[in-house]
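Structures given as structure tokens follow.
After this come two complexes, each holding chain A, first together with chain B and then together with chain C.
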Partner chain A sequence: MKNTIKNIAALFLIFVFSGSIANAQGWTVPNSAKKKQNPYEATSKNISSGKKIYNLHCKSCHGDPTMANMIPLAPVAPTDLGSQNFLVQSDGEIYYKVNKGQGAMPTFEKTISDEDKWMVITFLRSFDKNKKMKQQVAEVKNPEVTDVKFELNVNEADKTMLAKLSGVTKKGKRVGLQGIEMSFLVKRSFGYLDVSGEDPYTNESGDVQIQFPKDLPGDREGQVNMLVKVTDDAFYGKLEEKRVVTLGVPTDPVNPLDERAMWGTRANAPIWIIVTFVGGVLAIWSVIFLVLFQMIKLPKLAKNKD
Partner chain B sequence: MKEETSNNSRRKFLKSFGISVGAAGVVSSFSLIGAAKAAAKKPAEMVNLLTQDGQLVQVDKNQLRPTVNEPLDELQKRGREGIPGKSFVMVIDLSKCRNARKCMSACQNHHQLRADQHHINVLQMQDAEHTAPYFMPKPCQHCDNPPCTKVCPVDATFKRQDGIVLIDNERCIGCRFCIAACPYSARIFQWTEPKDSEKYKDLTYNIEANVPQKKGTVSKCLFSADRLREDKLPSCVSACPNGVYYFGDRNEDAVTNGTTGETVRFSKLIEENAGYTLMEELGTKPRVYYLPPKNRAFEFNGDLLNEENLH
Partner chain C sequence: MNDLPKQKETTLSFEKIKKDILHPMQNHKGLELWIVFLITVISVCGWAYYIQLKEGLGVTGMRDYVSWGLYIANFVFFVAVSLVGMLISSILGLLRIDWITPISRIAEIIAVAFVAVAGLVIVLDMGRPDRVLNVMIHGRFQSPILWDVTVITTYLTVSALLLILPMIPDLAICKKELTKASPIMKKLYNILSLGYINTPEQHKHLHKMIRTLMVLIVPIGLAIHTVTSWLFAATLRNGWDTTIFGPYFVAGAFVAGSAALIIAMYFFRVNYRLQDYITDLQFDKMGKLLVAVCLVYLYFNLNEFLVPGYKMKTGDDVHLKELFYGNWAIMFWASQLLGNIIPIILLVNKKFRKPLPIMIISLFVLAGAWFKRYVIVIPTMLHPHLPIQNVPENFVHYYPSAIEISVTVLSFALVLLIITVLSKIFPVVPIVETAESKGIEVKIDA
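Moving on, here comes the complex of A and B:
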């Protein structure tokens, strides 16, 4: 009897204590917000797009989910968003916190769209050991394959690119892989510009075609460095190909120093300034010389008069 | 007769001078060779060094040479020329700035400035009595028609081919004409000995970062030109925690956000968000674009002493 009471008391203490850990940040969320449900299903498409948004907006502080490699901020370090401690919260709670922010956590109410926020929550939910099974929804399943690769075809005439993603099945047959997101990135000075468009997912035969922007500048010959890859390397590992393609608009960089301008150095001062200045100097000196010359002539004139 | 003797003596002097100089040269060269040989023969004293890939190696002490800093002339030359084919632009999204001031401290750190000296400053703005206040980071605008370089009497401040306006400490005479000419108040003057001047006094002057700073000269924002050479974003851009800054190359029509690392089309960003430049009526053609403080991500709180506001 005593033991059972002790056990119950211990359980109760553990319960209270774990509750206090979950609320350790002291961040209260209104009950109405807690009830909000994620309207998006946990499809692999949604999860991978959530991962993309996570990497853009959350990773810089929170690190990778479950890896606990967040930046050590004081006094409160960012939470590992893949930890079970965090994921005990309801979708609505996470959504509320992302929206409002607190302390060093910025508000994302207006900087990320609602859809994107839910995608991130879907992505985070995929680390939840308790809910994972429940939320898995039937979706397109690709057969188990090995030797996954993609071929890239570039059509320079109408500026399109076609990638064909395929793998070898157990039976030794090469089949296209469906529903996998591909990224078509153009190398720019400080990062990669995504030109994948709205729907860069492979179709039934493993193809994905994108339209390269018609007005994107390339170098003098119109060449650009492309990086094409499978967006999420969780599926088939890191698959990417770098290629130089001639799809950009040929652009000749203008050197502002070539034009003559007021702000330029002496070498490229505007012609009118050079002319006015040199003319002015010449005019002044010639007047001085003229006067001097006349003064030299004075004594002679005096003599002549005598 | 007298002239002859004087000629002779001059000739003699020159001769003896030539011989002595020649002899000195030969002797000194011998002594140099001797010294070198002695150095080579001397029992080698080995020192332990850590290589770049983390290996500990032993090196003969005689073989050690001090590392060669990039000589001043080379830094000055490439600093004047700029990076060919580039045309740098910055976009500042005012709707995201909440006065974190991380850009300012990163900048002051990079360019060895004291806390009261600003290459970039976050200002509290209120355009008119009944308009909403907002925060506005203000770096040098790197104008395409810069009034400051026009007035410099010694060609110390200049524009480079990639659009950046720099200042050369080595030439600046401290007349401060450029400070008077700049409509954006982007320039500062080093009235006193700069911060850590003692610590950095042996550092080779790098025109692209304007360090070490020098007393009696003008200093200004440089778009972190030394970092751009390594394809890194400027200090302020990468320090921002709120995604305010975009930086990139107008020739490539792409700018990259310093916080998220996302790269977007420059023309689209400006077009879709009604981007503008400061005081365009002056015809200075700035290279820093602003996106209006519309649909803001935070509530404005102009009280700088409020801790809440300093994130």
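Moving on, here comes the complex of A and C:
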């Protein structure tokens, strides 16, 4: 009887022990690191800049937070960073793991700045159901509005763009909306280039002005496709405008298929390869036809004898 | 050569040579049965091809990883064997080596049969064979595929010419002697013999043409197998990405071709009772030639596997370990040992260069050569530089399906049928050349 109890107790201990290892996935964080605090406030500005950095560095493996659409790597798949299981960790723990990396997770110690890392953590924390209260602290209060839209003004002379974001209050008055981030995106070959600059947040009158890069190539007329939108759909729904603007540097596009190259079409084969191939075929086949022609002579040579 | 057993002394006259060589062409009981058997095999396997044509290439074992499977390995093997025509009748012929006289035509028959079917194997590997002409119509000069199609067509043409031209005097004899031949055959002999009656002018003219083609086929022969190797080497893949692939393939082709020739020699000697012409001397010499080309091939194999094996660079290492002691080890080492190293050790021994032992050894060499091509093509396909992710389990393995195997059997049967038919309608040993080499006067009546 005693032995049985001992055995059960031992089994229980093993179970608990192995369970705890599996849970931690063998990734222990020193206590000192756990206590580290996020020095940045959970403002909507910080959260949205954290989202940008997240999309750039984290999303390719971890997917969208709370969506569980990470890439299925083996043996350990990346965690959904918006899940509550993940967010029970302290800011310090997440910060430590981002810095150090483990297995397939690379180290970001030198790849991205400390500020950016904290922004990402701020962004992730916004999915934490237990800390929702804190997130609200430093937000700019805009009046409740309907019919939100923005007007876009392009100044082609000094290459600036001005967006004015406004909405109609309950009293029927159109007012500017403050502290909302806008995105100014230029369509390139494989996606959008963000030209919003450092501070694309609307001011008190709802205006945000950005300087378009002076050296960005456009098409032959210097036209580029712009996509301007309110960065975060969460505030007023999807608000965006597409427009063709003449702000780029006029550029004649170079198609690599237009030059003579090994990867080109047949018409654009390198001269030397055409000469070698056609020359070789002509040389060999002319000899073959010469021999075939000589064969016709053979019966005639028999007649000569007579 | 003094240590060779003395040939049975026979007094050969021109009449006897003619009789010995022409007789089996018309009086061979088993031959018709053999042809019927081959046609049956082709018909049955043709049905498998019909299924492939109807259902698409999905009925084969080929998937996204291995898109070059059994067919391409077989194609490379056929091209390799066909190179024996250029080695024997051209290189050795130009060097005026006299013992090849009785076997040069067999070599040319093998060359024509294998290269013709090699071209066909590519068409069999196509999902839409009706689009084959697009290679010519839209082919890019930069693509080794276009070079390969061009060079195979050229080699087939020149090989066929090198089969027919030296045969013209013999065909003139056939025209006279084969009285029992069907009218169609008589017409064929009449046309192909081109009114040859062996005048000195005709003789000189004919041999000038033959020598021109013999020189011409050397670069074409080298090109055909070098370009075939470039189909692989021009691709950035582990195991194919090497600079010696051209000569490596050519050396391997000489091995496969010589082995095939020895086997064919043996069967013609026995079945056509040509012991007086295809003598032990030819087998002994071919044995020595086989050792020589095997040694060259072994040298290339050392370079091909030892140097990358020493470095084991990333990417190559997976591929090489699979070959050396992984899933492909048995096939790899069997082809190296049974198909190359052990034959060398045996064939340096005079006893093993007798007709029967050397024929058996050649069977191993030929089988080894076939499996070697399989090992060259498929394991590399299984280890791409960029792995394809989240694919079904059967994508990452390759086993040829029954359909694929049947179609491959079809190609082999077709080769054998072409060889059989050619050896039935044409004398397999050159009559006039043999007589001339023995100093017997040749008379061809007009």
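Criterion: the second predicted complex is superposed on the first by the 225 of 306 C-alpha atoms of A that agree within 3 Å, B and C clash if a C-alpha of one lies under 4 Å from a C-alpha of the other, contacts with A are read in each partner's own complex, and residues count from 1 in each chain.
As a convention for this text, contacts are C-beta pairs under 8 Å (C-beta built on N, C-alpha and C of every residue); 3 or more make two chains touch, one makes a residue touch a chain.
None of the values given here were measured: they were computed from a predicted structure.
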Touching partner for A:216 - first (chain B), second (chain C), both, neither: first
Partner chain(s) touched by A:109 [first = chain B, second = chain C, both, neither]: first
Chain B versus chain C as contact partner of A:273, first or second or both or neither: second
Touching partner for A:57 - first (chain B), second (chain C), both, neither: first
Which superposed partner A:298 touches (first chain B, second chain C, both, neither): second
Contacts of A:238 with chain B and chain C, given as first, second, both or neither: neither
Which superposed partner A:255 touches (first chain B, second chain C, both, neither): first
Touching partner for A:129 - first (chain B), second (chain C), both, neither: neither
Touched partner set for A:141, first chain B, second chain C, both or neither: neither
Set of chain A residues, in rising order, touched by both chain B and chain C: 262-266
Residue ranges of chain A touching chain B (in the complex, touch as defined): 56-57, 60-61, 103-104, 106-111, 186, 188-194, 213, 215-217, 219, 251, 253-257, 261-266
Residues of chain A defined as touching chain C within the complex: 72, 262-266, 269-270, 273-274, 277-278, 281, 284-285, 287-288, 290-292, 294-295, 297-299, 301-305
Complex interface listing, chain B residues touching chain A: 84-87, 95-96, 98, 144-147, 149-150, 155, 158-161, 163, 231-233, 241-243, 247-249, 251-254, 256, 259-265, 295-298, 311
For the chain C and chain A complex, residues of the former touching the latter: 138-142, 146-147, 150, 154, 157-158, 161, 165, 168, 194-197, 199, 201-202, 205-206, 208-209, 212-213, 216, 219-220, 390, 446
